[in-house]
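Next come two complexes built around chain A: one with chain B, the other with chain C.
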Partner chain A sequence: MNSELGSGPARLLAVATILLSSACTYDENLPNADLFGTVVIPKELTSVRIVDIDNEEWVVEDDIRAIGPVYIGVYAGIDETLYSYPHPEWGPLLGDNEQGDAYPYGGTSSGRFAWGCYQATVCKTVSGRYESYQQVLDFFRDELRAPLLDDHGDEVTTAEQYQERCFEIEYVTSDDELDIVGPIDFRDEGDNWVADVSILRSQFKEGMHIWGFADMPSQAFGFSTCDPSTGSYHSNYDEQYYTGTNYRDVLNFPGKYISDGDLVSEVSVEVTDAEAEFELTLGYKHED
Partner chain B sequence: MLRLSSFARLLLLLMMFLPGMARASVTAGTIKGTAVDTGGLPIPGVLVTVRSPNLMGVRQSETDEEGRFNFPELPPGIYELTAEKAAFSRIVRTNLQVNIGRNTILTLEMPLAEAGEEMVIEATRPVVDTETAQRGTVLTKEFLERIPAGRSYQSAAQLAAGTTGGSNANIGGAAYNENTYMLDGVNITDPVTGTFSLNFNFDAIEQIEVLTNAFDPEYGFNLGGGINIVTETGGNVLKFVINSYYTNGNWAPKQDARYAADGTQLAPTDFDSRFELFQAGVKVTGPIVRDRAWFIATYSHERSLINNVGIDLPRDYDGHYVFGKLTVQPVAAHRFTLLSQSNPTTISNTNQGDRFVSPEAQGQQTQGGFVVSGRWDWFISPELFSETIVTLQKTYLENAQVPCTHNQDLGYNPCSPDETENTVDYTTPGRFGVNNAFDRDNYPSFDFDDRWRFSVGTKFSLLQLELAGTHDVKAGFTADMTRWRRTFGYTGDMYYVDLNELSYNPDTLRNYYWVEITGPVSFLSTAENYGAFVQDAWKPVRNLTLRFGTRYDRAVLRNDVGEAIINVGLWGPRFAAVWDPWANNKTKFVGALGRFNDSGRLAVPYYLSQSGFGSKLFLGEYFRNGNATYSNGLENSYDYAPNENTNTVLDGTIAPHSDEFSVGAEREVIRDLAALLYFTGKYTQHLYAFDEINLVWDQDGYNVLGTSDGSQTDIYRLRTPAIARRDYFRTDLGLQKVWSDRWQLQGQYSYTISRGTVQTSPSGFLAVPQQTEYYVNGLLFTDVRHDIAFGGAWDIPNDPWTTQLGMLVFYESGNPVSRYYSNGSALGSSALLRDTYGTYAREEHYLEIRLKVEQEYPVRKGKLSTVAELSNILNSRQGDYAYVNYDNRWIIASRQDPLQLTLGGRYEF
Partner chain C sequence: MRIDLHLVGLAAVSILAACDRSGLELLPAQNENVPTVVELGELRVLAADERPSVFTPSDCNQVDEDGRYNCYYGMVSATDGVEVGGATFGFRGTGGEVCVLVDPEAVFWNKYIGGADSGGVWGYPAPALNSGDLDLFGGLSSYYTGSPGVEIGDFSGFYTDSLGREVEIDYVECYNESPYDETVEAHGGRGAPEFCTINTSGREGILYTIVLETFKVPNDDGLLAFGTTVIDGPCESGGGLMGGANGPGECTMIGESIEESGATRACSAGLELAYCSNIDSPASARVLSRFCCSYPDMCGDNPPEGICEDHSKDVFCAEFPDICAQCD
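Here is the complex of A and B:
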């Protein structure tokens, strides 16, 4: 038998291997890069002044639950002259009085508007800011002085009650599926809050700039980047409303949404090496 | 055996690379073997003859100096073989089964003759094919007639290992649209969707081969498996068959299973759905000229009435299937076959998913088409032959409003008194309801869809070529051209949307808003697929077969303006070794590896078509008067011009393909019964996938933060990234008992792991957000860990009143369903499953048992029988799909496929 087989099978195996491996060198040549880094927010800039309908004022200090979404974009350049803070360069003006777009190569956020299962939380709760339902309840009751109320107007007092409401209306069975509670985006590093961010599949242009801002709440704890008339439509018995989401062009027209108290990066990060980690500090507090 | 001259070898080489025309197909089987004396020495010069009711004339051959004989290209069926030589006993082997693509390998032991002695061996059939490597199963006519498969070849196909899912099965972890359907060597796969395109006459089937993996290059199949149907040919005896069947699922225990998002079973709801099916058919087979020209003609009618819960009007399926085949063999060297199948069908009240659809708004779908095929088989010599097939196929789908009727009892769309019956109104604008208003779902739109296929191909076979052993060499080429013409639009190029919330009342319409549409849209998309292969089955020694070869497939898929969106080609080398260690045709060890290519389908370039609707929004009284200050910002954002498709394709796409290996063994453990054990690994990469190129997402992939081009439009890009993949591993443990001693059994247990990033290569939606955790590897829908499929048939020996029993058992552990998606618009419709969020839920496991009893009655002429078939005897609740609710979250839904009883009768004469 051996003599009949000879070296034929070995040759065939070699040919088959070569043929099988012939298409293994496929490269899509995508002009994209994943950028990784951190965003830094000085704690001293995060205090928020709240004014209720009775004009009573108080300050929420050093509380990450009062930090709105942080928007980070990658742009061709930063212009110091457009606003009182550095702002991404505009594209061509659309008309006499119309602002041109900024065109991000990529971007991401740290936190997003995540509806907190009650209408009172529309455009007021942000993902990555609460570890538990109790923290949400505590924040609304103690810091905003506006406790969450259930359908009957009674205060929601226990985390179990809150969780049950969320599970029921969101058809979920675990907290992991609700972005409102979960791991906190920011970690405490002395004088700063620091969050890891990843800008996946950004178009890579050498010399591009990473720039960003944090949407901080207004005196009524509203956020300028959130549109309460969009987002998922909540329909449950007599509850009919949108749950709110960010405006779709936040990174195209950031100047339109940056309002009093928002934190902006004074110095953008120029990217020359896609592999190098970046650190973006939001060190400027904008005041109208 | 064939020894070739130099000229013949040159001719062979030329033929291999000849750009001839024909479809590579396998529609026949082989009887081969060796004649030996009682001492095991080969006997040359033995005259071997095979005959069969399915074979025109007889085929004869003399054994060579090594005692070998070979009868290739035999139509599948039951055969008788005789072997005779002076001084030896005459051997007769009856009841031999020839299967599609399989070898029936015999060792004929011929003792020295004593006066007048004839040795007849009839009961045993070879059960292990020790020369082939492909995995799958062949379902013979006699088995199909006995098992309770609901007279559906799709149901019968579920018996093959690694086959899960519905009528368009997931084979080998592939998507439902990656199989290839062949009818008598003709590719009848839908050129757009990749699914089966013909509802076929079950009565005409001779055999079904379900190929799951490790098949030779001549099978130009896809990433999934192949359903290879071979029909009857006719015969020298004129036969008529009349049959009729009625199925009812209404009387089953009425409970409809429901499941929560985590798979927890909830209390059942009332179940008031309806299922009735009526089937009737007639078949005529016989000779035109004995042993020269045979025919088969069949007609089947199928009508079903199905209501979903809460729906008044049944989905009314009315299908007519006509099949005819003429086979002519004027001389032994040439055989011509002309085949035709058509299946005009009407489906009324197609929308069974929403009880808020008014009767006159119900849609009607007419569908069907035809396939016409001509085939020429040229038997140049017993070892050298060719086949050439030319095919033309058309399928059509037409969706529109139910035509009006003056018969008020039907409850369908009533005609106006002066309106002509059966007319469809293409001019009056339709109307939708919003916010739970009465839904006039299908009324405003129409869709006409024509699909064509023209294919030509050729295959040459050169068998028993002696060169360091023996070789069976095959080579062929296929050209397959498809086109898709689709016209769709809205009646009157406009539709109204109203807030008529409680019930539909034309007198109280509020004209919430209305939209003007450009249209109708009409486009033509085309594709050309070319495939060529060469392969060899080399037997260097008697008990070892090395099968190797390659195919090359090129696909050019064009969008509606003729742009070649996809232009890919890839080699598909395949290699297999089959070893019969004891050289007794009872055991084999198999190892195989190979590459299988996706030749694409017209749904892929559709996403880069230039055709589209333009539209303009008008706000109605609700906005103008009821809330004059209200503005949703949409009124001015509509363009009344055809939209331009801005999707793009990445340069350098390559053909999706699977690299597969399998190892296994089969052994005949007792007479006619083999046990088998196989392991299969399959790595599928570069599936077609779309991603966005201009959107910037937040960290969770929920919301868009901006666009890189300032556009409000999502721009998608077609890619074939390596990470768009599936990894599939399956272990099969099975039994295979061929039909003998009045019973047959086949089936297996399979343990499967299926992970990957994408389940379906388009036609479905498959968009992946650019900047989320894209392509997360997770369990796929085909991850059915435990899968059991067994079928058995038994003829109770109570002659002359034969009773046939058949049984099918299917068990599937539940498939996984992810409940959490990041962005509804991009991912909500894809089957991408991710395990980074939430927990997996699995659909409930499912056990189905089917039984069939057929009782024959002696009649003066012919054969009369009655049939009773019970499906889903346990009334198991089947979790069969998941859907996205309004919050873009996956909900496991379940419908019961209830206990059904079929009663029927058949008369043959």
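Here is the complex of A and C:
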């Protein structure tokens, strides 16, 4: 029998298509949600005081290249009593730990430690902070007063030289393959730096809180959330070292890593509607 | 298409023939005279000046007036393959750090297979059938989910956050280490000791449970013998007892290879001492290979070609009398 759907195989194909299409409407009712929003950092809080080995001091004023990774987590609640700033509530203290695990529902970061092809950049450069190689060179030379040096001890002066170094040791052929340069995470909105963030596949419970902090550099331009003894291992003749990466439990034990100068969200965002966009302001500058 | 029935038949026969090997012979048989799950009771935490320099069975299995063992040598049987087997015991927190050590029988090493030194230091194959593996972990007894002497459990529990979400938590406070790997939660492997440091700060007198979970039982008798002890102080301070660089080692406890009768297997302590001397001596001494040549029953009587050439047991025993005293 032939119908409008055609003969045997064609009819089977049509039925299978209809069945597959209907399967796509199935809701698994997973307790997860994708959360979208922005993180706001007041510019007035981003100045960083640098002290070199000769005790000379200066200030890097309002420069996004001095902002470390911004960590954003989703937590059951916020406790005002644990630290001098609001902090995610803890679970029980276990073993030797002096702090409890905050057991995040989910989280993300805006920017991550991205090695800048020279040892001097280990745990000092972050993705989403430099648009070009020249910006990296300028920042280290002018703001940190520590120009990047090549393996002969000579200053790296041109972006082309820097790019060639990265391409050679990272075995890449385009800037897109490197984290160190690329689109900037933050946009300038008057008094604030604002970054879009996505927290994908977070567990969801109505009333949970979005909370975060920005890891700001120490006086020696070090970041407390970066572990220089881990990450990828760089092996190139006499250059033998780890390129550094973040500690793996930053969102579980954020209080362990928040140090002098870090920016913390004073007011967390309570999530009642997973579809609604959030805005998290890191408006408190922690001082030890 | 015609199907060649001869080919089908040949394939069927080949497949059936391949099934004549089940692999069951590689699994140790359960020993019905020894339980698979054992509760040892309570062990006393030995003070640093109480512990022997090297533990032997004669130092252990005595109880004090409170019924606590000072250290323990014992055994468990292989399981039926479904049940989890092992041993448990308790100790009370001192308020400081304590070191928990277990050494399963006996000793095992990787045979050196390189060309340059195949007849040398580690050239003699390790005996494969007489070693086992116990995995060590522990925590507060109040969190232990098993039934001592009946069923091995763990230390998992649940934390409920302020929104009512349940988070499963591992309450283990003893993460095993191995003398061969500085990584915490590193499994020592067959025959290798495992140890952990527990900080009992603020928990003086509180009962802890230690679990020695059966991972591998020797094939030769279906029994996994072991020695275990608890020493006051962190495991690092136990170094130097012929131990590893970061804590106790293979020769902190010797003689743990115990037969069903309860007697220490003859010469097994000598094998352990030879192994440890092999680590501590210059490579040229070839202590382990020479021991195996002297006592082939301990390592297998099929040495690689040339490894026992010109070997003299008398010369070896004159050089290492303490080792030979364990065997002769």
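Everything below uses one rule, namely that the second predicted complex is superposed on the first by the 256 of 288 C-alpha atoms of A that agree within 3 Å, B and C clash if a C-alpha of one lies under 4 Å from a C-alpha of the other, contacts with A are read in each partner's own complex, and residues count from 1 in each chain.
Here is the rule we go by: a contact is a pair of C-beta atoms (placed from the backbone, for glycine too) under 8 Å apart; a residue touches a chain by one contact, two chains touch by 3 or more.
From a predicted model like this one, the values you see are computed outputs, not experimental measurements.
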Going by the contact rule set out at the top, does A:Asp179 touch chain B (first), chain C (second), both, or neither?
first
Which partner chains sit in contact with A:Gln203 here, chain B, chain C, both or neither? Use first/second/both/neither.
both
For A:Pro104, using the defined touch cut-off, is the partner it touches chain B, chain C, both, or neither? Pick first, second, both or neither.
first
Between chain B (first) and chain C (second), which does A:Gly91 come into contact with in this model arrangement: first, second, both, or neither?
both
After the superposition on A, what does A:Ile53 contact: first (chain B), second (chain C), both or neither?
neither
According to the stated criteria, A:Asn29 is in contact with first (chain B), second (chain C), both, or neither; which is it?
first
Looking only at contacts as defined up top, I'd like to know whether chain B or chain C touches more of chain A.
B
Partner chain in contact with A:Ala76 - chain B first, chain C second, else both or neither:
second
Partner chain(s) touched by A:Tyr233 [first = chain B, second = chain C, both, neither]
first
Please indicate which partner A:Thr245 is in contact with in the superposed arrangement: first for chain B, second for chain C, both, or neither.
first
Could you give the residue numbers on chain A that contact chain B in one complex and chain C in the other?
91, 103, 105, 203
Which residues of chain B touch chain A once you look at their complex with the stated criterion?
260-262, 468-469, 538, 540-541, 544, 546, 548, 550, 570-571, 573, 575, 577, 593, 595, 632, 650-652, 654, 657, 659, 686, 696-700, 702-710, 712, 719-722, 770-774, 819-820, 837-839, 885-889, 891
Applying the document's contact rule, which stretches of chain A touch chain B when the two form their complex?
1, 4-6, 8-9, 12-13, 15-16, 19-20, 22-23, 26-30, 69, 71, 73, 91, 101-113, 127-128, 170-174, 176-177, 179, 197-203, 229, 232-233, 235, 245-246, 248-252
So in the complex, the part of chain A that touches chain C is made up of which residues?
76-77, 89, 91-92, 94-96, 103, 105, 203, 205, 207-208
For the complex, which residues does chain C have touching chain A?
159, 161-165, 167, 169, 171, 173, 199, 201
